[in-house]
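There are two complexes below, and they share subunit A, which is joined by subunit B in the first and by subunit C in the second.
So, the complex of A and B:
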């Protein structure tokens, strides 16, 4: 059967994640790998919205913030179990996404970008101002994540948790785009009127994928908070949203592999550029401009076309 | 009973009355053509019936039930499908996937099941893939089935739209200039294809400029001019109607 062929990309990713610890010399590198995985999962969700469905969100860090602060506030102030808090955060982010999505997705293009931008900024401001619960701009500590007597500690344990989550997300995202739901999503990007005439309720699909990406962003916000053990409002700010959109665009819109590559590269780049001391932002910006001028469709689609001929067989 | 009933249908865009007081009805199983000079309101009429535009006045009934102003996706559920004059192919997908989208309403669209790839869903998708390939063969596109839509030639994309519309298993199919921009050989092939579709029992409503094709395959013809109904009848009746001749030749004979 072609089961092996279908799951080849998944097996390759599993092998990479399994073998990676052999070449990671110390906790510093583990830390970078963990951050890459966290970003990759968020970017996978965001790429479904931006790349596959052709919509935009400049406020996704807001959802990450909701998850992170749910995991910080609910256990600290209300004594909730961290896992329950994580789920409550994801449910809360989904609810916010669901409430604003209907009016927001009547908009298109620049207007949609502005509306999502506003949403992200509002969430960031609320987090900054509700200092009684959030600690304001100084942030707050987050208790450890655990179940029964066991809690996740140290980079090595977190690495395996994130490796598992990334594998699942990668598998689920690939399944999704090759399903009736996923095809409807891509079709409304291709032609809204044609997909409507085929029976696709386009607003419903845009709303659904927005909620889904918000859900995963919030979960990853919680994971980030528990992993670092501390949250500040920066996690929800506009620059974080932009960073994530950049990962989608540089890696490649509507490309599952591109999401991974974009997250890995743009997480590693600031570290790699630290030798430029003070000029790293300039170099970073130049690389982005170079990418956009010479490969506007993103790294993976451009390279796949140049070398593979056919591109990804999603 | 007529499958489709249109009564005093009108729409105005600002001061322009694109369609004015048009009435006609389409019996099941026939090929019904709408003709008229450029700008006569043929595509606007299609957009009104298929829910893309909401009429300013008038009534549209499918099976006797009013559908005026119903959203396109809800009309698809009731057995309506269409193609577009200006191609509306999803260029970000493969040819086969485009056809598969046509069957959207016949599938399990659950998000969670899709993410976890439930076996039932995977099985149905595999089956659908075969059905879609069969439809591509039906419209004469078997050579293109694995290609990305954006690498297909124009003539093939026109057929792909028909295959996609057929994937919905419609009762009534609206074809908006399926032969526009095609050469005479391709036009003849589309002509055959439309007849094949009609023979399969699907009611076809056709907008077309190619008079040979229209006269050839239509059971009834509606002639529009400046948004108004100029004439209606069989090919013979329409051909002999002095108003029609005047509109097409510019003066009465």
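So, the complex of A and C:
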């Protein structure tokens, strides 16, 4: 009974994911659900960095780009197995994150924003320019992801793959927050100096969470590339980074449920806005501003406070 | 040598625009601690509005005046309706608000004036001067001359006038400024108006050389932000030096190394600088108080 209660959120999410296919009328809706799941996983990782550790990253799409292009380039040009390529991409993204992390995390606030933004833009420009391997601005095809003779095909199969990944990430993120590591992260968001005084090695934790979120972003970049079967430099550009940060902030910083809600809403938004014909950017920008002005802490924490009474603890 | 001069000329010209954008960032940052990611859109507005008003048949001076005045009004509206209601929000939240604003401005211009690339004639002909084997466009002299004038005017404003000193006082300590009777509300509005006008002026001056379209604001704004950080956040002198430095290094790298990587240069520069001088070249040393 206790176990059931402890895992209630996880079971609820599993039930939603299981029942969702019953109401998805066709592949178009499957596609949206898949994109929501991909974004949700990335945003869970990014929220650990921004929400819990309080470190902004405006260049996360760069890591997604590394993963996506590793999965495109290594099998196509060098004959690697896609799974190996995916791991290599994630390792590469983690390595880049690790190299820049130490100097970057001496910085704070706007300087940190600038450094991560610069890193992301540099990665995007490299992808755009190295056309021999990346196909330049036109992008390139990505081979199917498979093991032995079986390969993942079609929206329905991909849906179950991503449902599984999302459940795992949700479980992992919740566990991480309740671990000593998670407590250290929250402490350093509260007050860096205080946590340092209490013996938390703040730089080590910031670096660790940055590398972890880069690793996940790269993996999901690979998954996105294999799912769509084609990749363009847009996946790594500044606007994509902003979209992801927006999902974190609109859903609610330092809120696991917020990450899910933010990803779901902002993935659906462009679809909903396509009826506005040409006004999408204006409406999207206005919604961003309104959300942030009237709910600066994000949807989930604000609503939880208003209606939940006892509030949401994570 | 002539090649070097050529790159230097084009670097200083673009750098002057970055400097104007950087001064805009600095003004707003000092008055409100906000980094305004919509700063680049003011540069775009400047160029696009001059183009529009010239098409509508207005004489050049009037078109320029309107193209600077309208963004200033937009800046005031931005402060009044988006920054002010969210005064105490997080850095990330404020950044997202200004990004939202920049999307709205860019989207409206795209609907109104289309996706095309536009330009208009230079202010005083396009017959280039020959200096040491390199060519210098008359428009570059306009850019440099007016930027220099603006810098001197700003210096005078901030060090010799009561209004300027009130703004400086507010940026040092808003509460203390309020206590000695400075209307800090007004300071914020003036800072946003001035900052938008500076950005727009940069766009007005640069467009005959580099062309403009609804989406040029992002890159120009980001490079202006790089210039700010290179010089050190909050320092006016730093903003100007940073802008010129970013422009020159970008032009040199484009000329001597690779023009394909031109846009990456400012960002590589900023990473290198932040690694070795975390507070920029002219940034103040700050000790955090708990």
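For the reader, a short list of remarks on this structure follows.
Everything below uses one rule, namely that the second predicted complex is superposed on the first by the 312 of 314 C-alpha atoms of A that agree within 3 Å, B and C clash if a C-alpha of one lies under 4 Å from a C-alpha of the other, contacts with A are read in each partner's own complex, and residues count from 1 in each chain.
Operating definition for what follows: a contact is a pair of C-beta atoms (placed from the backbone, for glycine too) under 8 Å apart; a residue touches a chain by one contact, two chains touch by 3 or more.
Every value quoted in this text rests on a predicted model; they were computed, and no experiment measured them.
Legend: residue contacts after superposition of the two complexes on their common chain; A:194 is shown touching both subunit B and subunit C. After overlaying the two complexes on the shared chain, residue contacts for A:125 are found with subunit C alone; subunit B is out of touch. Once the two complexes are laid over each other on the shared chain, residue contacts for A:183 go to subunit B alone; subunit C is not touched.
When the shared chain is aligned, subunit C comes close enough to touch A:288, but subunit B does not.
In the superposition on chain A, A:175 makes contact with subunit B only, while subunit C stays out of contact range. Residue contacts after overlaying the shared chain place A:104 against subunit C, while subunit B stays out of touching range. Between subunit B and subunit C, more residues of subunit A are touched by C.
Taken together, the two structures place residues 191, 193-194 of subunit A in contact with subunit B in one case and with subunit C in the other. Of all residues in subunit A, those touching subunit C in their complex are 50, 56, 58, 100, 103-104, 106-107, 109-111, 113-115, 117-119, 121-122, 125-126, 129, 191, 193-194, 238, 242, 245-246, 249, 253, 278-282, 284-289, 292-294, 296.
Subunit C meets subunit A in the complex at residues 29, 35, 82, 85-86, 89-97, 99-104, 106-108, 110-111, 218, 222, 225-226, 229, 233, 260-261, 263-264, 266-268, 270-271, 274-275, 278-279, 288, 290. Those residues of subunit A lying in contact with subunit B across their complex are 172-173, 175-176, 178-184, 186-187, 189-191, 193-202, 208, 212, 254, 311. Interface of subunit B with subunit A (complex): residues 50-52, 71-73, 75-77, 80-82, 84, 88-93, 97-98, 100-102, 104-105, 107-111, 113-117, 121, 125, 148, 164, 168.
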